[in-house]
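Below you'll find a set of structures to go through.
There are two complexes below, and they share chain A, which is joined by chain B in the first and by chain C in the second.
And now, the complex of A and B:
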């Protein structure tokens, strides 16, 4: 067998083995790579950073699933850290049935971390005062539209069955007029609905955190200004982590940074395989 | 008669809701709010229907002992167990429901999805070949975007990230916008066909 035939017919088990090694090794030996911040990530960060503390809230729609959690969960953690560090109230919702489990986990992780480090009550984050998680609701489009009139009428009870009108946060967050931006973290076409319905009707600002595969579809929304920023894929999450770290909102980087090393290595491996496959194809075609 | 009534309701409500969108009067907004609440309640009933359907489908497989019937037992048991645990012991952080979700469901789902990486790498190696001009262009664009979006990209060439961003902002955006327009026009046409009773498959597909 000629050399070009060898490189164009590598056994798939070798590919699988190399792939496994390239994923595992960077997790044990992290490679520090400086992030170049994409303009859309910077835009979302700047928007959240410009919200006045204790004023309007951020509505976080956590609609990602466990399959896409490595990309979207670090975004949720980074955005929550950013909001809480700046005393911005957060209202969490979900429209994907798989969302609430990860949303509860995201809030619990960030809040526990902040409260563990808080020395006085003012530094801690309190459920019902600083944030609330309203949970999943059926009839997504109707719910999104109705929240423009009244959030409590859509969510009389939160995810944990507490009466929502008993929370101090809901006394100042009644509808979209009290929301600075709705950030949709999704693994499906949920951001479309936020732009089509509540934004066109109530003018709410929309930001998005998407998987890398979805991001190309949403570039037109960025250009038209329908999105006030976008975090895409694990790279976007790592960039947001870098931004909040650089601005002193957190003391350490998150999981996306570690994941980026593995992802970069995999991309390099795939590029090498594609080049090898094409060299083999080119020479075998010339021989014919 | 039953079909005509459904068609009439669809026509009237379709037109009313379209007109309502442009009338900001309090009565109109109140009406809109009421209808939206109805939709939310009706959507919740769809969940009941889905549970019923799933139970009936898998129940039949178990009763008839069809091939792989034991997977149906797992499906129904999991559904019932999660519903009971969530209803009676809550869904708070640290609850049993949350533990099962995070420690069983999430890793299983993530594992299934992670397998895609292996198939994609293998498929990219075998199928991503510069066989024609179009395939070469696709290959070149994919290379630039992949390298440009990698943190390493800026070290290969400082212009890589901005060139990758240009591909996303210009050629990608132009094609995506074309697709979006096509989808939007298609949606408008389908909505009009449903409202005017031309498209009737939602009634059950029979004339």
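And now, the complex of A and C:
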């Protein structure tokens, strides 16, 4: 077998093994690769950063699934840290049936971390006062439209079956007028519905945290101003983590930042494979 | 190494699914079938506790008879299985199509057609700085050329030929960007699983 046939017929298991090694090594030996902050991530960060404390709320729609959690979960953690550090009330909802478990975990992780470090009550984050998670709702189009009139009418009870009208946060967050931005963290086309219905009818600002696969589809929404910022994939999550770290809202970076070293290494490996495959193909054709 | 049995279960199931990378085997099949079963169970429980019970069963048991209407509409879907009354299924389908069309058509036109057209049009405000002006022009040329490529009512001759060719280049750039993002997404999922195996399960990384 000629050399060019060898490089174009590498056993897929060898490729898998190399991919695994290139993921594992940077997790043990972190390689510092500088992060360029993309304008859309900066835009979302700036928007959240410009919301006045204890004023309007951020509505966080957690619509990602366990398989896409490595991309979207760090975004949720970073955005929650940012909001709580600035005393911005957060109202969580989900429209993907797989969202609630991850949403509860995201809130618990961030809140436990903040409350562990809080020395006085004012520094802590309290359920029902600073944030609430309303849970999953079927019939999302009707729910999204109805929340423009009254959130409590759509969610009389929260995810944990508590009466929502008993929470102090809901006394000041009645409908979309009290929401500064709805940030949709999604692994499917949920941001479409937020743009189509609440934004078209009520003019609510929409931001998005998307899996990388979805990002190219949603770039035009930035151009038109329908998105007030977008965080895409693990890279976007790492950028947001970097921004809140750089602004002093958190003391440590999250999992996306460490994952990006492995991501960069894998990209180099894949580029090498693409070049090798093309060289092999080119020489095979010449031989014929 | 973790002492939590759930972490162990997650790790073992992850390895079972990964074993497919070597070749198809009974461990992979077991993991796959278990996933399908658990997912079905999860969805049934979720829809019962979060949708059917609070939105139908509880109001009906409290005597709110108006909820009989959605119950009847829902039951009509099952008429499909009884040939004599299968025509009844048209009623809930008609209701759903009518409602969806009424809600969606104006919103889609406004958000996905008019707004997107607005984003393509060059106005003096597009040239507030040189970079935004250049990008606005590129977007306009890209959109026009791509639309011309998909215009099949006239043969691509004369001015249409180079325009359509340029359109292909824009489409290819779009595909390249999609491919790059897809690779990044899939690799992210692998990184996530490996972080889980090395972190919460084996305790080798933070």
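One rule holds in what follows: the second predicted complex is superposed on the first by the 288 of 288 C-alpha atoms of A that agree within 3 Å, B and C clash if a C-alpha of one lies under 4 Å from a C-alpha of the other, contacts with A are read in each partner's own complex, and residues count from 1 in each chain.
Heads up, the rule we're going with is that a contact is a pair of C-beta atoms (placed from the backbone, for glycine too) under 8 Å apart; a residue touches a chain by one contact, two chains touch by 3 or more.
Values in this document were obtained by computation on a predicted structure and should not be read as measured data.
In the superposition on chain A, A:130 makes contact with neither chain B nor chain C.
Touch criterion not met for A:63: it reaches neither chain B nor chain C.
In the overlay built on the shared chain, the residue A:35 is in contact with chain B alone; chain C does not reach it. Applying the stated contact rule after C-alpha superposition, one finds that A:24 touches chain C and leaves chain B untouched.
Of the two partner chains placed around the shared chain by superposition, neither chain B nor chain C is touched by A:158.
Applying the stated contact rule after C-alpha superposition, one finds that A:96 touches neither chain B nor chain C.
In the overlay built on the shared chain, the residue A:113 is in contact with neither chain B nor chain C. With both structures placed on the common chain, the touch criterion links A:241 to neither chain B nor chain C.
Once the two complexes are laid over each other on the shared chain, residue contacts for A:255 go to chain C alone; chain B is not touched.
Counting the residues of chain A touched by each of chain B and chain C gives the higher count for B.
Annotation: chain A residues 16, 19, 23, 67-70, 98, 100, 137-139, 141, 145, 201, 212, 215-216, 220, 223, 235, 266-267, 270 touch chain B in one complex and chain C in the other.
Residues of chain B touching chain A in their complex: 21, 29, 32-33, 35-37, 39-44, 46-47, 90-94, 98, 101-102, 105-107, 109-110, 112-113, 117-118, 120-122, 124-126, 128-131, 139, 143, 146-147, 149-154, 161, 165, 168-169, 172-173, 176-177, 179-180. For chain A in complex with chain C, the touching residues are 13, 16, 19-20, 23-24, 27-28, 67-71, 97-98, 100, 135-139, 141, 145, 157, 195-197, 199-201, 211-213, 215-216, 220, 223-226, 232-235, 255, 258-259, 262-263, 266-267, 270.
Interface residues of chain C, counted against chain A in their complex, comprise 21-22, 42-43, 46-47, 50-51, 54-55, 100, 103-104, 107-108, 110-112, 115-116, 118-119, 139, 174, 177-178, 181-185, 187-195, 198, 204-205.
Within the complex formed with chain B, the chain A residues making contact are 10, 12, 15-16, 19, 23, 33-36, 38-39, 65-70, 98, 100-102, 104-105, 107-108, 137-143, 145-146, 149-150, 153-154, 159-161, 201, 212, 215-217, 219-220, 223, 235, 260, 264, 266-271, 273-274, 276-278, 281-282.
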